[in-house]
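In the part that follows, the structures are each spelled out as structure tokens.
Here subunit A shows up in two complexes: once beside subunit B, once beside subunit C.
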Partner chain A sequence: MTGNNTNKVKDPLLHIIKRGSIVWWKSALIRVVAILIALVVVALITLVITGQNPIEMYKAMIDGAIGNELRIWNLLQDTALLLVVGLALTLSFKMRFWNIGGQGQIIMGAIAATACMKFLPGKVPDFALYLIMIASALIAGAIWALVPGLFKAFLNTNETLFTLMMNYIALNFAAFLTFRWSKNSGNNVIGILNRKTHAGWFPDIGGEGFVGRSFLLNILIVFVMMLIVFVYLKYSKHGYEISVVGESEKTARYIGINVKKVIIRTVIISGAICGLAGLILVSGVHHTLTTDIEGGRGFTAIIVSWMAHFNPLYMALTSFLIVFLEKGAIQVASSPALNLDDNFANIVTGIIILFIIGCEFFINYKIVFRKRKGGAS
Partner chain B sequence: MKKVLSVILMLAMVFSLCIALASCNSEDNKPQESQNPDQSAAPVESESKEEGQDEELKFGFIYLHDQNSTYDRNFMDGAKAACEKLGVTYLEKVPIPEGNECYEAAADLVNQGCSLIFADSFGHEEFLIQAAEEFPDVEFCHATGTQAHTEELPNFHNAFASIYEGRYLAGIAAGMKLNEMIENGDFTAEEAKIGYVGAYTYAEVISGYTSFFLGARSVCPTATMEVQFTGSWYDETAEKTAAETLIQRGCKLISQHADSMGAPTACEDAGVPDISYNGSTAEACPNTFIVSSRINWEPYFEYIIDCVKNGKDIDTDWTGTLETESVVLTEVNEKAAAEGTVEAIEEAKAKLQNGEINVFDVSTFTVTVTEDKNVNATVDDEGHLTGYQADVDTDEAFQGDTEVVKDGAFLESEYRSAPYFDIQIDGIELLNAMF
Partner chain C sequence: MEHIPALELKNITKKFGSIVANNNVSLSAEKGEILAILGENGSGKTTLMNMISGIYFPDSGQIFINGKEVVISSPKDAFDNGVGMIHQHFKLVDVLTAAENIVLGLDGRFNLKSAVKEVASIAGKYGFDIDPLKKIYEMSVSEKQTVEIIKVLYRNADILILDEPTAVLTPQETDKLFDVLRRMKDEGKTIIIITHKLHEVLSLSDRVAVLRKGEYICTIKTSEANESVLTEAMVGKKISLNIERAEPKDPVDRLIVQDLLCLNREGTPVLQDVSFTARSGEILGIAGIAGSGQRELLEAIAGLQHISSGEITYIDPKTDKHENLRDKTPVQIRQLGVRLSFVPEDRLGMGLVGNMDIVDNMMLRSYGKGKSVFLKRKEPRDLANEIISSLEVVTPSASTPVRRLSGGNVQKVLVGREIASTPTVLMAAYPVRGLDINSSYMIYNLLNQQKSNGVAVIFVGEDLDVLVELCDRIMIIGSGRIAGIVDGRTSTKEQIGLLMTKNVKTHTEKGTEDVSQ
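Right after this comes the complex of A and B.
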């Protein structure tokens, strides 16, 4: 990049140089500045295109995300739901297995959990219901990832396309089941399962007066999962194998790692965690199956994982940021005084995320300006 | 470099200050902000009316999509108008999918002090019921739902309108147009075929196109109809393609039960007369738009606000009618409509209101019962309906549970507000099915 032929050729105005490493506070500063610039740009765009007061819009966003205790719990839960998918994908990504089938794996987990909630209550004792439900959701998600994983390991097929295609199968399977299991003929609504008995529902933590009672368990599960994945990737032998396979399959083979085994083992875990996300969505949140239950998390989590450089702890931050923006966007769309619709709110979210991703460039590279020698500019 | 950096830093600092101030304000101002609107509107009323016990009345609305969807827009317009008229604070949540998000939105609205909450989409119902159980002091109302009459929660209510009457009247305009074209020699009486773009093969749509067809046939006896389903409430491309397919198949007039401009646009392009839904499309389709029917929700919102204000019980199932002005037709586009359409509609409307005619009068249509078609129906030798077990109660069994044919008519919206007419009558051919 830097080039040695600077003597003869005209020196360009600026050089782009790859940074070796960067101090933590510098990278943090770059990110903060990027967000601030994004906010300024959004404010200008809002003002110019819509004529609305951007400060009012930001107020609405903040209010929507953390305006009261209920909203804060909601924010935390949705952060957890996005994070858990990010954790799953990160395991694959570290291995350079581009699993973009999170959507399908989540849906399969959700389908399995729903089937248990619908057909098992009354036939098996409560604790068995939970065990079967957890096991089947994890297995369902794992199988959905295992199929492309096997093909990748043995036939070296393209996992990106394969996992993507698996999404559509799962999605349409869910559509088929919402019709088949619907509560009233042909209306495509399964309805809340076991609303009276709460069979198969994750239990509340804390009493009636505690606002976070229905959210806390979901958040705790994901928090524990985050720590496990962090330790697994960073300190376990498996984690080491994953990163070696990701860096170079040949090196991995050379040092005696069974690459096929690592790929298969890792996609199973990755799929199972997506299945867990499906389980939480059904048993912990929605208590039913709908075709849009996955909520785009399988894809959004890709950004979460990349933005955090595949670090599970940073991913908590990136998920929080994205969910914060999403929650804010709903409040913006729901403020009649602002007269901004859902689409505009999503544009705002898009711009902010673009800046955050764009600033990675300045973290990885630094720009060196030509030394002034008396020329113009 | 230094200059650039300093400018950026300056901007950053200024902006972070703004944000900090803004976020502080948002905390401080919030309570005042939410009170201000009522205070400006309410004091006059609360003084003139009573001790201001309703001055804090807040009405929260949950919508599936934002205002770009004609379906949701129709609710929003009615809601804002009713709230403004009665001096109630209007709050909304949008876009809310048909999942637990609906329950969360309802809980959030309760948190903001709403004592009346309304959701507009079919799939919201279960989650609204969940909220209704948790917040017994708040009234929950739901459009198009089916479960209030079996759920027996005192604070959960369903509402719909007898839109089949509106469609029947729109059908009369269609029949008049067909007659005019036959008289002009555009095609023979036997070729008078109507095309209908439907969303799903579901009672609400079936009830709609059947009433439309019966209205048309009451004027043009040789009319037949073909229905093409799109499998979506809003899919502009699919609706446009469906309308074009129907036109190619020889349909002389198009109507729809789906929410986009797809079908009306296709008609305008092909020069085929069109009867739209949810509101006038005259502006975009000046040469082909005849008339449109829609549900006006304002009367319902005024009714429930009045109930909450005065401590009256809200009907478990409320069905708006022509009488309550819940079922309305847009202005007839004289340019496209046949002569005398306005008068014919007025005449039929009067007859519907005084009970002289009934949309689903069993003598006006015949039904073929086979092993897998119309299994819940019983018919006489001529094929006229004598009995029908409709699936009125929402339960595990997808079976008819209520006899709905009485005194020579199918009683639509009688046992619950949402439609349950799902019979395939003779003369209408379904080109596909979408669930």
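Right after this comes the complex of A and C.
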């Protein structure tokens, strides 16, 4: 405040007040308004900086996300793939175990699945291949989370750094294997595995004419997983223990919860679900291993989980939103009608997500503007 | 010229959501006066004071200082207007010295030497006992408080607000603080003290302003007040301030603690040579300066603290079997059939989970029962509703997160749950801390009920007046050692106060001859 008008009494212009609680429709309204404002801001920025027609850009976005049936299925599958990682991380996050090693855990699951697809066909019966593949992918992901989990439980090391560093190991391991397993030695491409036999591939659902035949199973697996995680967190004794340990370790000890056991059990499940994500990526989507197969989901899922306040059902919405924006951005970048590249498309996505996260402030706080008459005269 | 008060509040209103913390409060404080703000919990005392010291901003109303209207929207504004507040929870940097903490955040050239001198001169003027170069982490609670007070004086505050300053002090330290406050008053300072201890109000203040449920009730001249007048103004009805103390019914030994030794992480003892017996149908009080080992003692019994040597023996009332509780986990203790209930000091950080609702908090002890992997919420829901109605818990519903409840209601939920398991031993650490008179008496009654049911009650308290009224025996603990066990019916609080500091003295005055009895 300026100090020269010492005799005048002036209220500050606005005040921030914490809300006690908020009715659901108000918070929903705030979110919708936030998205609308974001769209307006993006439109203005587009117009001012690039001179492009923002309406055209939004059209391209929508076209990219849901422009045809294949795109819709792709959108749903990518939503599911992001969601499943979000589910995995949420289990840890509920316990205040900041697992940012989703990337590494997914990659380890993918590596395990790839190894099974590459080396087992012909040596074991088909059903055994699937069993071994599923088990090894889940275990691989679980181990990658268990290592930092053990250190956390027994030595109280910082899990954020630990899980992060485990990512680099997994990433480079995957790079090494793509080199080692490459089809033509040295070109670092493994190529589609079992293209003819489809051994280890998730089966299609529906006939030739059905566009979604290769997507549907992946989506269904994640949908079931979502329900399981929701019930596990909300209605099971394990889920209750996770909440208590997360809220207060002191309370957990006071009532006799074995905190170490809960931490270890939960990170194993969390890692295993990441491993499942890796399995779906390999057996259900790409049928090969590449170094970028994880596609940043281990980190993007952190936003998914937080934006949904760790609620598995809301997470379906938040991952849909993020994937929708990503898909739209790709189309914006590649649309010949627009002279924009993917950098600008990412700016657009960033602005929209910023508004969505930023509106949480208005859900938690209320801003009161000055009511009294201004400075006395 | 007309009379101008040092501080005047006019029609101050503050709401948090739908809760009205202060409604149209008007009051004033004079120069050279000690004004006590009295009120139950949730009556809006601290909120009101926070608005004068710049923590909150009023929704409406005016503040006048020396007759001039002011706007205080930050603690800095408050200091600029000569207002300083000493909060209940100290805001000091542990690794810095007293003097460094005092000058912290001030504008202008940083000159520690002159600051040290200035601090020493303030201390001399008002009779503080302080070493400006001592680090905060080496200080006792009362020394830290002194630093907070000097911090405010250093900023030339003429109006000092103290939020429950005596809650953490021994009777002797309280007397010393009051002497200092009286000296400040004589120097023309305005002192506002928030408290709910009636005898302190009566012995210290010049006038008392009473708040009730966010409303200003009245201001009474202390010389014309007494305890029952003040209570009536505060609560709104006459209530009896007597605590019953029935004779224990056939007490038998229930819990025997022998030569307990517990070490902290650094390997220094936090409990040493602790031996005592808790009997059924009896309330054993534990008195001592905060942090003398009370928490560790209860946690050791509850299986939460590692015991280096010594024994804790539980005698089963039905089978007369002796169970050794040493080095058992809380679950193992429960599996032995020992019905031990524990109301910890840290209610929301240990006894309850703040973000969970009342129903889920009821489950904390019992959720693991049965083989099902799923939770059964019916029983805990019934229990929650029963506790809400029988203990008059004020809450929108049983599915309200407990952190949203007021302190007294949080404690009712916790004590209610612990009693619901029909314990044979009930340990309660500071169960009435921060509670208003009504809730406090309800808790005392519950403890008395448990006592008459034959439960061995262990009660760690801080208000010596209550301890001598409620407890059958009082054990005094100082620096982790037992300083004495006295009969609650015959001992006085002065006697207990002396015992409380006994071990501390012999500890700090190493080398002088031991004056143990």
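Rule of thumb we're sticking to: the second predicted complex is superposed on the first by the 361 of 377 C-alpha atoms of A that agree within 3 Å, B and C clash if a C-alpha of one lies under 4 Å from a C-alpha of the other, contacts with A are read in each partner's own complex, and residues count from 1 in each chain.
Keep in mind that, in the parts below, a contact is a pair of C-beta atoms (placed from the backbone, for glycine too) under 8 Å apart; a residue touches a chain by one contact, two chains touch by 3 or more.
Source: prediction; values computed, not measured.
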item: Combined model on subunit A: subunit C and subunit B, fit or clash; value: fit
item: Which superposed partner A:Val244 touches (first subunit B, second subunit C, both, neither); value: second
item: Which of subunit B and subunit C A:Gly67 touches, first, second, both or neither; value: first
item: Partner chain(s) touched by A:His286 [first = subunit B, second = subunit C, both, neither]; value: first
item: Residue contacts with subunit A in the superposition, subunit B compared against subunit C; value: B
item: Partner chain(s) touched by A:Ile255 [first = subunit B, second = subunit C, both, neither]; value: second
item: First (subunit B), second (subunit C), both or neither touched by A:Ile55; value: first
item: Computed vertex angle (subunit A) for partners subunit B and subunit C, CA, steps of 10°; value: 140
item: Which of subunit B and subunit C A:Leu36 touches, first, second, both or neither; value: first
item: Touching partner for A:Ser236 - first (subunit B), second (subunit C), both, neither; value: second
item: Which of subunit B and subunit C A:Phe223 touches, first, second, both or neither; value: neither
item: Shortest CA-CA distance between subunit B and subunit C [superposed frame, angstrom]; value: 15
item: Touch list for subunit B against partner subunit A, complex; value: 1, 8-9, 11-12, 15-16, 18-19, 22-23, 25-26, 30, 65-68, 80, 90-95, 97-100, 104, 107-108, 111, 122-123, 125-127, 129-130, 146, 200-203, 391, 394-396, 398, 435
item: Residue ranges of subunit C in contact with subunit A within the complex; value: 16-19, 57, 59-60, 62, 69-71, 73, 302-304, 329-331, 334, 342, 344, 346, 349-356, 360, 363-365, 367-368, 372-375, 404
item: Residue ranges of subunit A touching subunit B (in the complex, touch as defined); value: 32-33, 36-37, 39-40, 55, 58-59, 62-63, 67-68, 70-71, 74, 179, 183-189, 191-192, 195, 285-288, 290, 292-293, 295, 330, 333-334, 336, 341-343, 369
item: Touching residues on subunit A, where the partner in the complex is subunit C; value: 1, 9-12, 15, 17-21, 235-240, 243-244, 247-248, 250-251, 253-256, 258, 368, 371-372
